[in-house]
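Taking it in order: structure first as structure tokens, then the write-up.
By letter and in written order, the chains are A, B, C and D; residue numbering begins at 1 in each of them.
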Amino acid sequence: MGTPIRVTVWNEFRHEKNKEHPASKVYPDGMHAAIAEHLQAQPDIQVRTATLDEPEHGLTDEVIAGTDVMTWWGHAAHAEVRDEIVEKVHQRVLEGMGLICLHSAHYSKIFKKLMGSSCSLKWREVGENERLWVVEPGHPIVQGLEKEYIDLEHTEMYGERFDIPMPDRLVFISWFAGGEVFRSGCCYQRGKGRIFYFRPGHETFPIFFNPEIRQVIANAVRWAAPQPSAAITWGNVKPLEDI
Amino acid sequence: MGTPIRVTVWNEFRHEKNKEHPASKVYPDGMHAAIAEHLQAQPDIQVRTATLDEPEHGLTDEVIAGTDVMTWWGHAAHAEVRDEIVEKVHQRVLEGMGLICLHSAHYSKIFKKLMGSSCSLKWREVGENERLWVVEPGHPIVQGLEKEYIDLEHTEMYGERFDIPMPDRLVFISWFAGGEVFRSGCCYQRGKGRIFYFRPGHETFPIFFNPEIRQVIANAVRWAAPQPSAAITWGNVKPLEDI
Amino acid sequence: MGTPIRVTVWNEFRHEKNKEHPASKVYPDGMHAAIAEHLQAQPDIQVRTATLDEPEHGLTDEVIAGTDVMTWWGHAAHAEVRDEIVEKVHQRVLEGMGLICLHSAHYSKIFKKLMGSSCSLKWREVGENERLWVVEPGHPIVQGLEKEYIDLEHTEMYGERFDIPMPDRLVFISWFAGGEVFRSGCCYQRGKGRIFYFRPGHETFPIFFNPEIRQVIANAVRWAAPQPSAAITWGNVKPLEDI
Amino acid sequence: MGTPIRVTVWNEFRHEKNKEHPASKVYPDGMHAAIAEHLQAQPDIQVRTATLDEPEHGLTDEVIAGTDVMTWWGHAAHAEVRDEIVEKVHQRVLEGMGLICLHSAHYSKIFKKLMGSSCSLKWREVGENERLWVVEPGHPIVQGLEKEYIDLEHTEMYGERFDIPMPDRLVFISWFAGGEVFRSGCCYQRGKGRIFYFRPGHETFPIFFNPEIRQVIANAVRWAAPQPSAAITWGNVKPLEDI
């Protein structure tokens, strides 16, 4: 076993601290704690967490530089994430860091900056049933799943048109009881970094305790981990041939 | 207005000739007649039809050479389509002819040959509701649709995993009442030819009379029509530079 | 013939106004004039130009709203393009406007914003030979080219790694005498808008007078022109099914 | 370290057995021996070889079933590969086996069957210089390369248009001294199987002894190795919802 993958689980962590909010019951220690718990149990993964209200949102230069894969959850406070921190995370993705954007992180500054589109969608919060169908059964992100789909009994709905660039690889498509569909698992490459958008994970449902969702997130961490490759040179270069 | 697009509507035309089969009531003149009817009404499209039981399946060298876009419907008699005809159609697609594969043509020899995969899927025939969501609203194939989805009240279900290469462009995703999803509108380029797989069109439902389905097929014909481009040279070539 | 495509040719227009700069000899009226000249000669295209030093860079709300396809050339003054104008152009692309980014526009704010990556590359300015090979001969952007490649006798070199998202469709690959290659014609969809990056067009070479380059740009304008499609709804929606 | 990846290196092995042919000097034990040598030296890979003139081309049902990744080299005798063996290899790829097609295997029955297109190209055999540029530096297939390109001093030229489906991921683009370019490293998914086409490897040049080429092939083996995933069901299914 080589060096472990260093994961930083980032969370907005506001809903859960609000005693009035259902999230405080479902995730009393924060969604990041639930996500980190499963990842920390993996022998090849080493986890730390970071949250919005920490200094520099918990994302100091040292933390960013020491992160192989970052997971991101945000919702109500996207606008409070400081632009210079977003800039640093963006730069680090281009250099090779993996990024896993969960649920409402579709509207985070970092995801929109990487996508270049509005990332808008339809939504509905009535706790309906979602079924995520695997459409790429050979992809590492679905490795080990025992069924061809993941059923989530109650969740928020996200519906198409989801205004994203065509995914490099579309891994999951969701079916919703209310009649919509959604591209729920989307892989992208930007610079040397891999990005996975994964739809599930609403703050009022215990989705980050679901074993299949946890397995997909752990798979995604391994898929998104950077690998050593040739340094790229940019800028003015001499010819390699006589001209 | 330039030269019209020359379309050949190909149909297996077996179910409809069987008086015992519901298709004989829904499409007494054959599905090809229903498809051709709408296309023929377009000022920029010129249509002929061809069917399995004609000599050479109606696809003589002259017909194939004189076709800009072919639509294909087959189901029970895929195996009866002669390999040498498939070979010619395949060759013509690579040279630039558009091909629109409808519904159960997912399992036709020509579609499987172009895809290189099994093209298997799940299915169910209980006449349930399908809703085709537009996921690429800027694509020419959805031009002019008035809604973000097409509702089909009763149809056969096709469900994922649909064993196809990742589409170059995924235009529609279907939702089915029974709980499945499906990539229902898939664009491909093979050689100089464009291919569109479009899921709707079961023989026992009047889907080829549906105005929105007809509009999509007409749009697809225009999208798939070949365009003049440089002749490609293959094989042994001389260097363009001194070496 | 329907309504003409309304094109706005945008140019930084600084090098050409500098009497000391070779661009002032090659393009005395500005590169925009050379680009516009050919487009204006097309019966289906209607052209206006806009430049950096005009009020609002020539891109008033009215101009932007009345543009179907914009072409963009910038180089030394990317940083002077005001962010709020970039924001408006970006928004208009997502709504369906086509955008054609030429040569050093790879580093423009608008292109980088749409791509989400650094868009860095290698370069060299010795006036070497470039040969753009058509790799997608069925694509509308190469329609009518008489050869399989375009030769440019003298040009600036751009070399890989070009730090862009994988193109939706790669149409040209360049060969350079000095030993590099480059993805020179790259198609993207963002929102409802189509984007084409086209490498040729250095300010010190008369490339925008080259008939094949002009033909590609005119083809790209037609390819990128928006088409009417269903209005998309975003946000909170009611279920379409009983749940 | 888990179970090793079981690789079968398949080779036509005709040129090398012909004492008159330069290949017999460069690869006296066959190209498969040179390819296998490096792979066998990897702790996580276990290799066997198979060649055309063995019974069943060395590809018995047992060998095929026991192969995780197959490499394929063929040239003069593509037509002698029996269709039923090709059918079995094809089926095994769709079930998850990786396939690495080397050089002139672009024209093998198995590659053409998987691609669905003609796989034609230009070629020239004057021993000119090739430079393979990495265009996807974050991809596992280029892991560990020390430079941004691989230089091959003498090789056969392959030039565009290469008539293949757009690669899912384009990893290398080649520059040739004679003026051509080529998409030299192309990734595809078909069914559950991963396919990598890698251009280098002409029989008269010692390219399979080149350390960088060997490293890319070993990387490709690891990338293409299958992973356990949910069994897919096909065919007639019951609804998952009440309808």
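As a convention for this text, a contact is a pair of C-beta atoms (placed from the backbone, for glycine too) under 8 Å apart; a residue touches a chain by one contact, two chains touch by 3 or more.
From a predicted model like this one, the values you see are computed outputs, not experimental measurements.
Most remote from chain A, judged by the distance between CA-atom centroids, is B.
Shared residue numbers account for over half of those found at the interface formed by chain B and chain C, and the copies are therefore classed as meeting with the same residues. Chain B and chain C have centres, each the mean of its CA atoms, that are 33 Å apart.
The centroid of the Cα atoms in chain C and the matching centroid in chain D are 37 Å apart. For chain D, residues that reach two or more other chains under the stated contact definition are 131, 134, 136-137, 148, 159, 161, 166, 168-169, 177, 179-180, 189, 191, 232-233, 240-241. Residue ranges on chain D touching chain A, taken from their complex, read 96, 131, 134, 136-140, 142-148, 168-169, 177, 189, 191-194, 226-233, 240-241.
Taken in their complex, chain C has these residues touching chain D: 131, 133-137, 148, 159-162, 166, 169-170, 173-176, 179-181, 183. For chain D in complex with chain B, the touching residues are 94, 113-118, 120-124, 126, 128-129, 157, 159, 161, 163, 165-166, 168, 177-180, 188-191, 232-241, 243.
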